[in-house]
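Next up: some structures, all given as structure tokens.
What follows is subunit A paired twice: with subunit B in the first complex and subunit C in the second.
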Partner chain A sequence: MSNLVEIYDLKKHFPIKAGLFKKTVGHIKAVDGITLKIPKGETVGLVGESGCGKTTAGRTITALYKPTAGEMFFDTSREDIDELLALKKKIKGLRESGTDSAQIHDLEHELVLLRKRMDMYSLPKRELNKRRRDFQMVFQDPYGSLNPRIPVGDIIGEGLDIHRMYSSKKERKEKIQDLMAKTGIDPAYINRYPHEFSGGQRQRIGIARALSLNPKLLVLDEPVSALDVSIQVQILDLLEKLQSDFDLTYLFIAHDLSVVEYFSQEVAVMYLGKIVEKASREKLYKDKLHPYTKALISAVPIPDPNKKRQRIILEGDVPSPVSPPKGCYFHPRCSECMEICKQEEPPVFEPKEGHTVQCWLYKGSKLADE
Partner chain B sequence: MAQKIVSKYKEGKSPFVLSMIRLGRNKLAMAALFIVVFYIMLAAIGQFNIFHIKDIASNNDFDLRYMKPFQNIHHIFGTDNFGRDVFARAIMGTKISLFLGFLSGLLMIPIAIFFGSLSGYYSGWFDDIAMYIMSVIVAIPGMLIILSLIQVVGRSFFTIAFAFAITGWVGLARVIRGSFMQAKEFEYVLAAKNLGAGDARIIFKHILPNIFHFIIVRFVLNFVGVIKSEVFLAYIGLSIIGVPTWGTMLDDSKLELMSGNWQNLIAATIFMFLFLVSLNIFGDALRDALDPKLKNVV
Partner chain C sequence: MSNTILEIHNLKTYFHTEEGIVRAVDDVSFHIQEGEILGLVGESGCGKSVTSLSIMGLVPVPPGKIEDGEILFKGKDLLKMSDKELQKIRGDEITMIFQEPMTALNPVSKIGDQIAEVLEFHSDLSKKERWEKAVEMIRLVGIPEPEKRADSYPHEMSGGMRQRILIAMALIKDPSLLIADEPTTALDVTIQAQILDLIKKLNEQFHSAVLLITHDLAVIAENADRVVVMYAGKMVESADVKTLFGNPKHPYTRGLLKSIPVLGEPDKKLHIIEGNVPNLIDLPPGCPFYNRCPEAMDRCINELPVITTLEEGHTVRCHLYGEENK
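Presenting the complex of A and B:
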């Protein structure tokens, strides 16, 4: 199956400015090089603790934040992506071998041109705003994500207004009411204001707004974490139904592993701005490789008081993304920490087909090609 | 999925309507508003020369100089040293005060919105420049700017309104800037951005309406500051020439008081006091009613 979205080495560093002249004194490395492929029509889950950069990753993927580095290919052909990546690799190789700068300069110019054609992040603002139709986002906080001064009909219809997707007022209204009906809000409430709805209804409004542009990718930024458990199931069922109705691809960001297990076909575990383990749901939950994933999954409560199991308790907090630890970012909290972990950052290994992990424990296995 | 055909829509109440209902429940604020409206009517009387008020206010009658209040049915508040009716002059003063407050607010708000919203939304170099301008203006005493402007450009009505606007916009611009810096990270702003909305749409449709209560309240309370400053200007002899204002009446009274005549002082003070008190009460109630953070506080 082809990939709808491919993201390579995405980085988002927020500068920390201080002093009289606002000198940059450091960076918060919220997202520090993630590579992710999202297959068409599937759901990829992105899990991690609070503060590990999940939300920033989601917002950078939807180009709400301008990334520090990295490429995103949206619905681009395999050959084009390979061409760009090969060129990038070539430049990197030449740089390391110390070839003359003129040649590198020419190649870099070529790379910029290629990026302008394919990479979402290199598009000019106007162009990007047009392409935004294809990837939409559902936000985490149903109370903060709707403008309180605008009736819900206009909130849902805003995308239609911006992209002029209707020819008459009547058509606009019909489209909005259709979206409301599809997401389970009574279309009679078209003129009501957000404060007159409950959290679950507001989240439905947020989903309707995202769907109004007929997107191909929907980034779901913890869409259910602010809701009651009973409402969570309703929203997840709705999302599942919409996925088949609208032929959607999901990137599902969550901290709740059980929700991700229920919802995603593929799961990526994030720690401090990096993806430490990535596999299909069955593989990941059956045999987890990274010590961090093991700890996370062992922390999921099981509704059976008689069932005993060994829990791995993580010590300490997530280190500061301003000055992450040397070597493997996880080593200060890792139960299986070795000497090499403190010195060198592990590359991405692929111990099993389609199961990648960034950990020195799997040193002998083959490297993942990314 | 079958679409429901709906004949009757369920209308909702917007946050603005709700806050107006909240304001309406506040009886003290409504009383204050009534007085403010009454003053606006007085100003209208002055403006449209109803009851020939302009002629009455400027009619000199040396036989009736220094008449005390409530002695003559035609001059209930008495007369001043030229024999002019004090009550009519106070009404004319109402007109000037209200217009000064209104015009300076009207001039001030666009400047404050322009600098505040752009520097808060874009930050970067525009923010730096705007902040330096604001710091410079704040560093100079406001009265000094007003005085020098009046000396240079002249003592006309518009100059004085403009001078008040120049010194008054900085505080509002800072509030707007701060709110924009917060608001641009709000999820509904990010959502609009995600839909492909341009900067103008985000600023005018999503952020400004949500901070407009700051601007309305500032506009109302701006009257208070302007009226007080006008009195000060008149006292040092720099207010508008040729028309009676509350300030010039107080200025006149400082000489008359020596001969025991307090008509001007009392009339201007009562007019001003009542207006400022009701305006302050109404302004505070308006702030409480419009502030979304206070909506659940009774």
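Presenting the complex of A and C:
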């Protein structure tokens, strides 16, 4: 199965500026080196608590933010990706062995050329803007993400205008009304304003807008967390239907583990800018490995008064991403913290096929191939 | 037989707006016993928050007005009390935790002072004693270094810690009734677990009654003893927590329970409740749920069902269980 999106070692650091001359005094490491592959036609869930960097990750993946480091391949062939990664590895190897700089320089030049061809983040701006229609985003807040002064027809049609995807006014209107019908909004409401719609309907408008450009990837940033329970299911159901109708691939970002588990085939757990564990949803729930995942799952209440989960209470709060702790970022709150965790950041291990975890407890396992 | 702390009879709180009358709370009755946690659950706009504001006497007048009903607190009707009498009870015997820990605290006043302020009105302790009591409360809600924390400002704290401070404030006078309005909605799950554990522990320790208001059925299942389900301003079902989750009767309660994803059961087929919550302005005369109800009958359109008692402590407002259908 091929991957629609592959992201390697993605970092997004926001500078903190202070003083008269706006000197950079530090960095918020919102996303600090994540590697993620999203298979075509599937849904990958990204879950974590507030401030873990999941929204920043989503926005960087849709190229709304320019990353500090990292590559993103979108619908690129395996050979091309492997070529670039192999070259990168080679340069790294040469550098470590102290080979003369001229050779490295040449290879680096080659790498830049390759990047310009395939890495989304290195594409020239015009090229990137053309590709943007392939990856769209649905935002969390159905109240804040729609301009209150523009009729919904124009909100949905804005992308069509920018990418000139129609030849006549009539065609534009037809396209918009078709999108409205497909997302469950009455097409007769084309000239109404956002305030005339309920939260659930607004989220449908946001989805229609994202769909207008026939994207391949939708990044769904907490698409249902602002909605009532009964409306949540309606939107999840709509998203499921659209996925099969339009052959969409989803990155589903949410803090609610139950919703993520229900909706995604694969789940990645983020903590403080890093993916600490990644597995299929069944494995993640049944054979959770990382102490953070265990605590997170144990904290989710069960809607059944006869069942009680053994709760692992996490002490303290999430540390600041400005000055994360040394070693493993989770060690100050971890119940299984060892000496090595305080000193050295764990690499990503793969104790079971397709199940990766960034934790020293799995030291004996093989390293993940990332 | 434990004591009944709060009894609400046929409460009606309406808002008179330009567009019409909003029946935010319409004929709601329930009671809370000493040491009990009562869950009030429903979706946005169902009237659960207005119910709590009515108890606290905080409904904005106008446009709001309590049209009818009784709110008996230890046998005395809060609605018949003067503002002065109410002041004495509020913040002393009845206290409230709000949803937004970010905005409920004063940003320019020290945490310790804000907690101690409660005692300024409701006790005759000296300033020093009040401060010491505040520090003691901060320790009680599980915040490390309470002396240092009392001396700091809200912005120096995380959301979970601020919510703990609000709980400390609400519990400092050892209230008989604590109203917690969506106390964990703005918080992460791991912090939510800490806060709910704390409320439960304090409920057991101080034996206060708790009215826990939330939209989250899982939170209710884990914490409440009894549950009241509201929909569009009306009570639709109430029962003890095991009955409600094990044997729900109202089609809305049933639908709601079937529509929540459960961690560990990813293959559960989620049930969809079609449609939206009706507009509360000039609500039609029948059952407010009828347009979304899979079991709606003709009489549901025009006739509001009465509350039927199915068995001791289990009531439901639905024609399916009316006298005629028994």
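As a convention for this text, the second predicted complex is superposed on the first by the 370 of 370 C-alpha atoms of A that agree within 3 Å, B and C clash if a C-alpha of one lies under 4 Å from a C-alpha of the other, contacts with A are read in each partner's own complex, and residues count from 1 in each chain.
Quick note on the criterion: a contact is a pair of C-beta atoms (placed from the backbone, for glycine too) under 8 Å apart; a residue touches a chain by one contact, two chains touch by 3 or more.
All values reported here derive from a predicted model rather than from experimental measurement.
Consider subunit A as the common anchor and indicate whether subunit B and subunit C clash or fit when overlaid.
After superposition on subunit A, subunit B vs subunit C: fit, no clash.
Applying the touch criterion given at the start, work out whether A:Asp237 contacts subunit B, subunit C, both or neither, answering first, second, both or neither.
In the superposition, A:Asp237 touches subunit C alone.
With the two structures laid over each other on chain A, which partner does A:Ala181 touch: subunit B (first), subunit C (second), both, or neither?
first
First (subunit B), second (subunit C), both or neither: which does A:Asn306 touch?
In the superposed model, A:Asn306 contacts subunit C only, not subunit B.
After the superposition on A, what does A:Gly200 contact: first (subunit B), second (subunit C), both or neither?
Only subunit C; A:Gly200 stays clear of subunit B.
Can A:His331 be said to touch subunit B (first), subunit C (second), both, or neither?
In the superposed model, A:His331 contacts neither subunit B nor subunit C.
I want to verify one number: the closest Cα approach of subunit B to subunit C after the superposition, in Å.
11
Name the residues of subunit A shared by its contacts with subunit B and its contacts with subunit C.
none
Can you list the subunit C residues touching subunit A in their complex?
For subunit C paired with subunit A, touching residues are 43-44, 158-161, 188-194, 196-197, 215-222, 241-242, 245-246, 255-257, 259-264, 266, 268, 270-274, 276-277, 292.
So in the complex, the part of subunit A that touches subunit C is made up of which residues?
That would be residues 49-50, 198, 200-201, 228-234, 236-237, 255-259, 261-263, 281-282, 285, 295-306, 308, 311, 313-314, 317-318 of subunit A.
Please give the residue numbers of subunit B that touch subunit A in the complex, ascending.
The touching residues are 1-4, 6, 8-16, 186-188, 190-198, 201, 205-206, 209-210, 292.
Under the definition above, what is the set of subunit A residues touching subunit B in their complex?
59, 62, 64, 129-130, 132-133, 136-137, 139-141, 144-151, 158-159, 162-163, 177-178, 181-182, 186-193, 195-196, 206, 209, 212-213
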